[in-house]
Amino acid sequence: MAEDFAPEALAVFEAIKAARGVPEVNNFWKSLAVDPVLLRRTWESLSAVMAPGALDPLVKEMLYLAASMTSGCAYCIASHTAAARARGMTPAQYGELLAVVGMAAETNRLAEALRVPIDPQFQ
Amino acid sequence: MAEDFAPEALAVFEAIKAARGVPEVNNFWKSLAVDPVLLRRTWESLSAVMAPGALDPLVKEMLYLAASMTSGCAYCIASHTAAARARGMTPAQYGELLAVVGMAAETNRLAEALRVPIDPQFQ
Amino acid sequence: MAEDFAPEALAVFEAIKAARGVPEVNNFWKSLAVDPVLLRRTWESLSAVMAPGALDPLVKEMLYLAASMTSGCAYCIASHTAAARARGMTPAQYGELLAVVGMAAETNRLAEALRVPIDPQFQ
Amino acid sequence: MAEDFAPEALAVFEAIKAARGVPEVNNFWKSLAVDPVLLRRTWESLSAVMAPGALDPLVKEMLYLAASMTSGCAYCIASHTAAARARGMTPAQYGELLAVVGMAAETNRLAEALRVPIDPQFQ
Amino acid sequence: MAEDFAPEALAVFEAIKAARGVPEVNNFWKSLAVDPVLLRRTWESLSAVMAPGALDPLVKEMLYLAASMTSGCAYCIASHTAAARARGMTPAQYGELLAVVGMAAETNRLAEALRVPIDPQFQ
Amino acid sequence: MAEDFAPEALAVFEAIKAARGVPEVNNFWKSLAVDPVLLRRTWESLSAVMAPGALDPLVKEMLYLAASMTSGCAYCIASHTAAARARGMTPAQYGELLAVVGMAAETNRLAEALRVPIDPQFQ
């Protein structure tokens, strides 16, 4: 991970820090700065996706975390677990989230292993 | 998928129908009946995991759906999309769920592709 | 899937039919014939890997099936379930195989979700 | 990973130590203790799945390992490689297991890449 | 997949048809129209990513295809195989692409199965 | 990773060093030496797949890297990023490769999440 950044990257860092009220961007953004165009597009897409909407911000964070756990991205699990806690995820909610993700992994494999035909009412 | 079931499997089917108030179990359970012990354990675990708790039932369904979308299980996506809608997921919520799952897939890949070191505050 | 094959592909088909004592190769080999070099190398590697050795042939087939179920390849699940049955996999063994694959999927996700540090004795 | 555990978690640890005849549980169980209900259910399911049955205990361990290698869970690979060795997996068997898992990964990708239609006899 | 679309979705369809010089958008875009905001963002990101740049357009299509084959998305494999052929991918190039994707799948699994430590020169 | 190798493994190491003009093989090959037969077959397959052909060597390396990023193999990402750079991948090309891989991950998930039917022209 480089530590000297192009001006276009630094401009995105400033936008992230302002939007989040943080003194420093995390390593994900610093790593993405290898390509300032990709960095900007990723930040703008993420901001739009995670903005307040029909889903509660904590629910969005937990959905992001469930997806990251399922795809097995260690960095993403670490950062979104922290983000969900910062938004108020309780230990009991975290335990239930883990249980749902684990159960989904098991039944996903079983449904594929058995090649279950999709029921007509789900089409 | 066989259509004649062992008595132990039929007993689980009755439990599922009673718990859900439905006249018929869906194909996932019929397929699992190849092993009645596995069928019973899976149903009992799923019931426990999806029971009311610290998370709202709709949120649990959406987490299950996000995990299933991420692992790419077509049957699971079809059945849990239907289940989430039955629990009240609106079209706007569905759109945001899709956006979060898609965004997570992209940033998960980028974080792994760049081998981003985990920030100390996330440890 | 094309149905007219290059001579180099037909030669591999003959080798497969002779080795397996079957009148026709299955669709996987016909599809691979788009590239006869890839077809030959895949057949030769597969023959070497699945040849009698330190593991029982049925065990090898079940390992192949467990891997295919885990990666979610529908074609591979279908063909290797048939192959394992042809080698003597009983319904009870199939049920236990499904249970192990499902359980592994669940604990794999949980271990990654929790970012469990590897115990010193496993290093 | 926390190091002070709820009484319900400690009770499960005792059950694991008694069943396995070990002086200490490994990190997976300690991590799961964040949710004692999830810890207990996971332990009880795993015990049932891995109990003696129609498949040899070593075969079950190797199937678990093949699934864990395929899903790429580093912790699970480390712990189940150790467990399979403890149950008697020889270096030659380990080499063949690796070869099967690698070959399955390659042909799984090729079958999906070519979108091979499932042969009628595999339905 | 719905067949009556919101005006915001139809506007994106027009943009896609104009950019690609096609009379109809494909099913991916029609399906995404369940959420016109997601549809627009996805189209704009995709256009930016696939625009002429430092990589040849055919190379970009083949990279997209290699990623889609690896993640096992049947729709994406079908559409990007067609797109790569439209950009000039020859049968020989397609065969080599398949071989690389298959080989990567095998060595990826083996590297993870063996938990190979990263060489200092790759850090 | 063992450090004393069987003569059959050392012979493969010599072949790798000669073909690549390097003084030492990397850790992947040393780890594979647990099974010299697997080591030899993997090296011979890899040499054949990556040999000059219809695709440019740099393109092959980038395809390998895109597949490795998508399957999330950290070792493979590290080694093939180095290999692609050694073959001339520029920072701008690397940025575009990352963008394509990230975009593919997002649209792959969306296409599966929406269960998009394959268009007739892609069959």
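Chains here go by letter, A, B, C, D, E and F, matching the order in which they are written, and residues are numbered from 1 within each.
Here is the rule we use: a contact is a pair of C-beta atoms (placed from the backbone, for glycine too) under 8 Å apart; a residue touches a chain by one contact, two chains touch by 3 or more.
No experiment lies behind these values; they were computed from the predicted model shown.
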Rotation angle (°) superposing Cα atoms of chain A on chain F, nearest 5: 120
Where chain D and chain F are represented by their mean Cα positions, the distance between them in whole Å: 27
Whole-Å gap separating chain A and chain B, where each centre is the average of the chain's CA atoms: 19
Chain A: positions in contact with at least two other chains: 34, 37-38, 41-42, 45, 69-74, 78, 92, 95-96, 98-99, 101-103, 105-110, 112, 114-115
Arrangement of touching chains [line / ring / star / complete / other]: complete
Contact set on chain C toward chain D in their complex: 1, 26-28, 31-32, 34, 38, 42, 45-46, 49-50, 53-55, 59-60, 62-64, 66-71, 73-76, 78-79, 81-82, 90, 92-93, 95-97, 99-101, 103-112, 114-119, 121-123
Residues of chain B defined as touching chain C within the complex: 34-35, 37-38, 41-42, 71-73
Interface residues, chain E side, partner chain C - complex: 72, 91-92, 94-96, 98-99, 102
Chain B-touching residues of chain D, taken from the complex the two chains share: 37, 41, 45, 48
Touching residues on chain D, where the partner in the complex is chain E: 69-70, 72, 74, 77-78, 98, 101-103, 105-110, 112-115
